[in-house]
Amino acid sequence: MHRRLVSSNLRIQVSATAQLVFSVAVSAEHEPAQERLSLTVDGDPIDVEELLAPNGGRLHRAVNVPVGQLIVDYAATIDGQAPPAPLQGIDEVLYTRPSRYCDSDRLAALSGAHFDGLEGSALVSAVRAWVHDKIAYRSGSSRGVDGALDTYIARAGVCRDFSHLAIAFLRARNVAARFVSVYAPGLKPMDFHAVTEVWLDGAWQLFDATGLAPRQAMVRICTGRDAADTAFMTTLGGRTQLESVRVEAQIDGDLPSDDGLGLSLLS
Amino acid sequence: MHRRLVSSNLRIQVSATAQLVFSVAVSAEHEPAQERLSLTVDGDPIDVEELLAPNGGRLHRAVNVPVGQLIVDYAATIDGQAPPAPLQGIDEVLYTRPSRYCDSDRLAALSGAHFDGLEGSALVSAVRAWVHDKIAYRSGSSRGVDGALDTYIARAGVCRDFSHLAIAFLRARNVAARFVSVYAPGLKPMDFHAVTEVWLDGAWQLFDATGLAPRQAMVRICTGRDAADTAFMTTLGGRTQLESVRVEAQIDGDLPSDDGLGLSLLS
Amino acid sequence: MHRRLVSSNLRIQVSATAQLVFSVAVSAEHEPAQERLSLTVDGDPIDVEELLAPNGGRLHRAVNVPVGQLIVDYAATIDGQAPPAPLQGIDEVLYTRPSRYCDSDRLAALSGAHFDGLEGSALVSAVRAWVHDKIAYRSGSSRGVDGALDTYIARAGVCRDFSHLAIAFLRARNVAARFVSVYAPGLKPMDFHAVTEVWLDGAWQLFDATGLAPRQAMVRICTGRDAADTAFMTTLGGRTQLESVRVEAQIDGDLPSDDGLGLSLLS
Amino acid sequence: MHRRLVSSNLRIQVSATAQLVFSVAVSAEHEPAQERLSLTVDGDPIDVEELLAPNGGRLHRAVNVPVGQLIVDYAATIDGQAPPAPLQGIDEVLYTRPSRYCDSDRLAALSGAHFDGLEGSALVSAVRAWVHDKIAYRSGSSRGVDGALDTYIARAGVCRDFSHLAIAFLRARNVAARFVSVYAPGLKPMDFHAVTEVWLDGAWQLFDATGLAPRQAMVRICTGRDAADTAFMTTLGGRTQLESVRVEAQIDGDLPSDDGLGLSLLS
């Protein structure tokens, strides 16, 4: 895999002393050739603490962020691909549970109606195709509180909604599935992206129900149950306003070809 | 703390080969003086695998459980108390996130309306008192798919609902809180019980919004985001029917006194 | 049409002076050969007022019902059939609106996904078939607060749920549809029944998405937007407990044959 | 009461032959000194039919509206006040029922928790004050599918949400209440407005939980169960886009004084 350059820049107005957590750095299994993270308020650097989340996510927390304009600036250069995500027995149980935005328990009857009798890769392919075909990608069509059932009802959403619904369908069939935030070279318009991993044939396999970017070039940021575990910014106190988000993800050379339909390992 | 004897017995009719996961054993930080777990189908033992969940929960998984009557029988004898749950920096972030049954994002405005301006122990006391006073304990009043917002609306629930609502209120104020399933000597009628832990003053502190049993005598089973992480039985395939549940939890000597209102460490 | 004998008997425990409204009498367009209604509390008759609802429903209201056992006893003998329900221009607008249990606005995308491109009788047939085929009739599977979207999600319900979902699908396609409570000879087990009317080809045409009883023998009780308009008993103050409901509906001679699939006028 | 001049102007892009219903004309009990309604598509008049809704609303329906720019232009001059809305016994039953956006059945426990023990004018005053004090008026904060429970949870809304919540609270206490759309001189910014009528002391009495305009000057447009019955524009087929809405409502002389807290008859 060719070298990828990924970066993100957040501008946040802090109007009351705040605590913030960011998930913009690449996941711990990547070994960036170069990496840079800076947080400044009105130009002055502030302290930041790195916390390792389950599954390798690297969170960056800043407490007592003073009033002013906070800029989070991150960039990394990634060569090659990370090794496959390690398998842990407990994951097969954890990731079949319903979560905030993957309310598989409420989707049980619907998932059964659509996918009854399917198993293994046939099930995963059917789920991926259903979400891809039936859900319209529509910017701004969903709200932060919307979960998989809401997406099912609206038949529209953005990348996080596609992944939530696919995950919920799978968990409702007792298949472990999880949510992955990524940098995605080739995505248009460029933004943070969200895809799905499913435990299939003894490995975490990745698919993108939106089909909007080639999987081989993606760079993992964070892995979790759903978007609650991978939000690029979380405000835990204080008052903040996100003013702008700029994301870039480029690959040296041509984008790999990905028909977006088959299953393959992320790395 | 005096010796406690805890046990549970589940009878399950399996009508199609099933995979099941149980969370009935005491948490890993306990060191039982005696412990026994058996799973039998129509009297014959079946294989069971122990999986360690995050936060010390010990799950027992049985795959390919044949058709018949499955009996899960567990008993343990606990002397003294476990050491305090270890603190991990990441927990302060993880346990402020909304989860399936603690939908703190949807309760944000309501939690703000009730608890605006409160912090620390004053906030925790107010949350505990609100849930205790405003929610009626009513057996059978809630469904498995109900979360904290549903409990708020219904103003009634059982122990899991009390804990879910308290947790959601706290997370909505950016305070880390989590769900604990326990054996609870003194509970009437006896059953599995659910309580709440909140990160306060540098420690996980436990409270029981139902006030139905003394905290000092409780024995921890599993700790997680909400009831999705601690269900005593989960069916992951096949067809099962839970026929009976019998729980016992006794303490040598008198029950400790707990006014149910103050905060204290579980152990 | 042969003579039909319909009756109902409600036993209600009144534990605080109550106001109650009943919808058990046949609709005003019927002209019963015989009819009897009595309300007694502990054997003594109480006053009852008849109110005419929109669309011909005859409601019976009792105020200041004293503490005791209230028995509502109704019977009527119906010969022939009522004339077709009169058409009113405004109905075509009123009955396309969303109502409490026919939340057609929330089902808009789903109704579009299932029935896009269909109109007139083809649409009605498709809606009826979808509800009949995809929703499982399951006693006790729904709650009084459940509406059409809940039924869609659960894929199960009772007769009111079948009708609510059919109505909501139709309204979401801008077709006027309404809810009818009926006595239904042939229904097993016997109970109050609920069916659907749709404005098609210049007339209110009736269908029964459950297909559980022949339409020709049905006797109309009340017509409205949904079950909120046709509940057989409503408590408006006081405290009551419904202890038993007994419904009977018989026809002289054989039950008419109704394949339950085609459309036909109720009368 | 001084003369009031009310008018509205809607511009709608019709991109596929449409059927539309408008509720912009003053209610039938008003006797305008002058009144004018015109519907044109690209400047050419189109046919319009007047339908009388329950409770005096005058709906205007246009079928087969061709592609182009549809302009609905309405103006009326009102002297004096309409006689009080006539009372009908059935209304006391009809308007205690839950409706699409006044889901009083789901708010039963909450209404009981807030208003238990109150009756009559004390109840109405308490409901009005609660909604006025606890709900923040915030433009754009709600969606068209939101009902009273959603407003309760969000603690924010616009005029229709205030009225829906007040109505739902009252119905949950078995008090008849309904929704009224009005022209409201003095409202800022000027728009269609929504208020509440409650059956109290033998009359429909009006209150405005927003307190944004004096009630004496209001001119009634339409009365119904909730916003589903009074929408100023409904599209029943075809494809339309509302491009602009301009509402005006003026009174000769000074605005009457209304503290917005007491109860008074609309007229």
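In order of appearance the chains are A, B, C and D, and numbering begins at 1 in each one.
FYI, a contact is a pair of C-beta atoms (placed from the backbone, for glycine too) under 8 Å apart; a residue touches a chain by one contact, two chains touch by 3 or more.
The shown structure was predicted, so the numbers you read here are calculated from the model rather than taken from an experiment.
Separation of subunit B from subunit C in touch steps, taking the shortest path, is 2. Averaging C-alpha coordinates per chain places the centre of subunit A 44 Å away from that of subunit D.
Centre-to-centre spacing of subunit A and subunit B amounts to 29 Å, using the average Cα coordinate of each chain. Taking each chain's centre as the average of its CA atoms, subunit A and subunit C sit 48 Å apart. Contacts with at least two other chains are made by residues 106 of subunit A.
The set of touching chain pairs reads A-B, A-C, B-D, C-D, using the touch definition from the header. Chain contact summary for the complex, subunit D toward subunit C: residues 19, 21, 49, 51-54, 59, 61, 89-90, 93-94, 96-100, 103, 105-106, 144-145, 174, 228-229, 234, 236-237. Residues 106-107, 109-110, 112-113, 134, 149, 153-156 of subunit A are the ones touching subunit C in the complex.
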